[in-house]
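Going in written order, the chains are labelled A, B, C and D, and every chain counts its residues from 1.
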Amino acid sequence: MTTQFRGVVPPVVTPLREDRTFDEASFDKQINRMIDAGVHGLFVLGSSGEVAFSTDARRREVLAATQRVVQGRVPVLAGVIDTQTERVIEHIRVCEEYGVDGIVATAPFYALGGEAQVERHFRALREATDLPIFAYDIPVCVHTKLSVDLLIRLGKDGVIQGVKDSSGDDVSFRLLCLRNKEEGHPLALFTGHEVVVDGAYMSGADGSVPGLGNVDPDGYVRQWNAYEAGDWEAVRAEQDRLADVMKVAMSAKGISGYGAGVGGFKTALQLMGVFESNQMPEPVSALTGENVEAVRAVLVRNGLLEG
Amino acid sequence: MTTQFRGVVPPVVTPLREDRTFDEASFDKQINRMIDAGVHGLFVLGSSGEVAFSTDARRREVLAATQRVVQGRVPVLAGVIDTQTERVIEHIRVCEEYGVDGIVATAPFYALGGEAQVERHFRALREATDLPIFAYDIPVCVHTKLSVDLLIRLGKDGVIQGVKDSSGDDVSFRLLCLRNKEEGHPLALFTGHEVVVDGAYMSGADGSVPGLGNVDPDGYVRQWNAYEAGDWEAVRAEQDRLADVMKVAMSAKGISGYGAGVGGFKTALQLMGVFESNQMPEPVSALTGENVEAVRAVLVRNGLLEG
Amino acid sequence: MTTQFRGVVPPVVTPLREDRTFDEASFDKQINRMIDAGVHGLFVLGSSGEVAFSTDARRREVLAATQRVVQGRVPVLAGVIDTQTERVIEHIRVCEEYGVDGIVATAPFYALGGEAQVERHFRALREATDLPIFAYDIPVCVHTKLSVDLLIRLGKDGVIQGVKDSSGDDVSFRLLCLRNKEEGHPLALFTGHEVVVDGAYMSGADGSVPGLGNVDPDGYVRQWNAYEAGDWEAVRAEQDRLADVMKVAMSAKGISGYGAGVGGFKTALQLMGVFESNQMPEPVSALTGENVEAVRAVLVRNGLLEG
Amino acid sequence: MTTQFRGVVPPVVTPLREDRTFDEASFDKQINRMIDAGVHGLFVLGSSGEVAFSTDARRREVLAATQRVVQGRVPVLAGVIDTQTERVIEHIRVCEEYGVDGIVATAPFYALGGEAQVERHFRALREATDLPIFAYDIPVCVHTKLSVDLLIRLGKDGVIQGVKDSSGDDVSFRLLCLRNKEEGHPLALFTGHEVVVDGAYMSGADGSVPGLGNVDPDGYVRQWNAYEAGDWEAVRAEQDRLADVMKVAMSAKGISGYGAGVGGFKTALQLMGVFESNQMPEPVSALTGENVEAVRAVLVRNGLLEG
């Protein structure tokens, strides 16, 4: 089994109306806008896609909308994130209904275990589906780091076909890329850290999954094209620019974590006229007042919004 | 709103058959055995009740069986543990169907936030139900510690009615007990640490939620009665004995966390003839071989099994 | 080798003048005051004795003053805390000059290792001295937890003679007490958590090392006497009172950690007329203004200072 | 105040004889070998230079040897690492005696504080010396991350002149580089992560402090020259090669942390004939047997040792 994923695959942010219902019209606009910008795939129901906040019904709404609007123009990854194996398999079943091209699963969380359980978890998912599986390495959320040895072993055995690395551990990612090359490239390796994609490309990444790609998909596509062309100065200059745009997700005062980060992306998209609202799911508050103005200032100075 | 919970309220372990279906016959035996021992309440679908491993269908199976077998003989708490607010509220709706006497919710997890979001989470749960709510303080699973100030504020505002403390922070628990007393005892305070229940009683706890109470409910009931009678030497001696029994959950080699702990409880219950199997949910392996014998030795030397 | 330590052994706070020189007159007053209150030993140059802030010259000043003022009235423990083995052994040599009755050493810190290195560290210390050695379990400072197995092994081999437990892990402490009893009591076990000493006594502790004993030595001595007499209600009531007095170290606003904790002790001692100043070592600020008044209020309401 | 540091500045590993005395002859060979390879500076008494294991006398031995052998051919940084401010200032005084060109200090550790104390610490160091100060960001050892805001503030105020980043947080390092550029480049920014130096150069680093530079200084010098020439493909290819060489520090079985890492460097240097012994300081064991052979294999396959 191989996977067709390569390039820029943004994790799609999920727009809500003020009353916290799913805003399908804004979702459609956002999907089309990213495809038009040239992204190479889309990842729905990731951490940025508020999967942890989404009921099963909401997950279906997002998957159905994705299938309807994407229409196969780019391949689609879907998150099946949940605490433990059986619950994840239920989400896989739903994803299969909606025709996705791959699923993304984390290590199990909440209950404690060791690496043997993490390995068994991924093997149980493989037994349950024929879809390509991406291992999502995100210790800040699940409090387990996926080791290079484990990932390579799962890759060689055909259990997983790719990795989304949001571990913040660039040393480990480099070593993973090198091992993957030595082993004949069984895994498609993506970085989730939008501020240092250039470093990940230096390491040999097969692509990126930048949350900021919701706000500025053109920038990440330009950077990918420069990478493909071997124009490292352009890769790097684009990265410096995108690092400044990233401040939409880093400027909020008095609010931390998800509310500042994804809240900043949603606020940017509302200011840019893509989203109707910057509403956040319970128990997170949407950005307001000065925090909205801080986002606006970042967009204006980077030419993404008129001043 | 007040709560009737007080005394020993074991978190009920969920028996599985070899094929991982729910073993209702063993569950009934176990519930009746604990009620006969004199426990003062039961807590289903807690961490030890493998809530994180349970599909929605499994959660319903457990709730239905609980309602059928308990028949109101003791009050019942049910876990509604999930990643974020909307998902937790869905579990609360189901619990309401099955007539539980209170629900137990953790801080939100997976996505990162701050204390303001944790507070909003509990307030949103209160807006969604009239059931008593216990805050479950379990940082080892959710990676957030509930502060004394937050818990007391929620208690005084009628948002929560109790706390199950599995934080491992006995200093904080003592300070919580003292503040709760000063404020007129708005909260029922339970410890989840079965090895130091005597210390929690010294601190003024209203009861305990000992996982080991599945194996030896008599011991915890005797200890509670000694506490009520002011017989501290008996409280302490019983605790020393129970600390040795606890080794059923601490003796496994080559397996850590949930598989050793709840795996040890299940193995003990199988050896004692209460459970048909010591099967564990995916991706956890059941104890085998020497690890089973280690559990047997603990039971035998404590008189819970014939040698 | 055995140790004579048992009972209440406060970690002595180090008084400074405004110019941060060592205030020997206040130190003498404080030592005499605690011995007069009936403490069973003293621990100088512990974490609360600002060992980590003290130059080698300062350590000598404290040791010399201790030897001069204590005059053998109670046994003395001295901290030899430093990053790694050779540096700790240098501190042991100095302690030997000043005639202490035991030394207190943590796991090595700063550089990373595993349990084998921690074990070798303590064995190397034993090879270097004939003094009794207490292992100081303080993961919040050194980021290593000393396991029950390691401590018992070192105790049985005569490497260490006691443990000061400031790990905050009451479950582990209970299990350590039980194992120690099973093995013939090779170790003298002390708790460093002044708010839950009653729980540690329930677990079978041989004594306590309460920082708060600097402020209220009489309370801890009364509690110990009640423990010796088997009067658990008195043990518990004294603990509740002391938990309120502990708020001298927990009430500061805008300052955290050492500055609030030991800063609170020093401020209390200044307000009570024992210390000339509440000065703290660089880079820590002394409490001022409202934070001093908060300490005063705690002392007044507990009868330790006239209102 | 500005600093002349730029380029490749390896943290010098400290050779020991079998009896753990300082092996000055091997030290001289190693220093000359690195200078001959073209390194742009040297950093003695860093984490890799076993500063945490070194007595004050050992620190003086290393500083004296450094001064004698370097003879001003390249600028020298010296670590002044210790728990808290006054102890660090004592080390600074010694460094001043030996004519170093800058000192390297971490955040205070062992006792807990907040960012205000970290800031005061660095300001107190500045008040105590006229030497350039590098802030060493190494949370894995000191358990505090230096924030971009703090570092930039200290840089603009002339408190620090540079940063050695061993935080493992490449996102933060990128943002630090960008802020530093915006503010007129007050800080010289170095990465300590030898496996991803290319990513740090993409971020705009002023140089690197690679422990592996002890083993293969030529590789890092070639990489720097390629960076200066804008030849990114060469930067990247050299990095991939060096990542494989790094396995000298990552291949040990049954030993973790410092013993595997610096132990691997020392073993490589012994095999290459530079060091007389691969001895490690107490309580760390030197690599032996299979672990030595694993290091040999890495050197041979990378052409650093004949097979």
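Going forward, a residue touches a chain if its C-beta (ideal position, glycine included) is under 8 Å from a C-beta of that chain, and two chains touch if they have at least 3 such contacts.
Predicted, not measured: the structure shown is a model, and the values here were computed from it.
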Report summary line: Chains adjacent to subunit A and to subunit B under the stated definition are none
Report task. Quickly list, by label, the chains bordering both subunit A and subunit C. Result -> B, D
Requested in this report: Going by C-alpha centroids, which chain is farthest from subunit D? Tell me that one.
Outcome: B
Requested in this report: State, to the nearest whole Å, the distance from the C-alpha centre of subunit B to the C-alpha centre of subunit C.
Outcome: 35
Requested in this report: Find the geometric centre of each of subunit B and subunit D from their Cα atoms only, then give the gap between the two centres in Å, rounded to an integer.
Outcome: 49
Report task. Specify, in ascending order, the residues of subunit D that touch 2 or more different other chains. Result -> none
Requested in this report: Throw together a list of every chain pair that touches.
Outcome: A-B, A-D, B-C, C-D
Requested in this report: Could you pull out which subunit A residues touch subunit B in their complex?
Outcome: 47, 50, 52-56, 58, 81-87, 90, 108-114, 116-118, 120-121, 123-124, 140-143, 255-259, 281-285
Report task. State the interface residues of subunit A toward subunit D in the complex, per the touch definition above. Result -> 168-171, 174-175, 178, 193, 195-196, 198-200, 202-204, 230, 232-233, 235-236, 239-240, 243-244
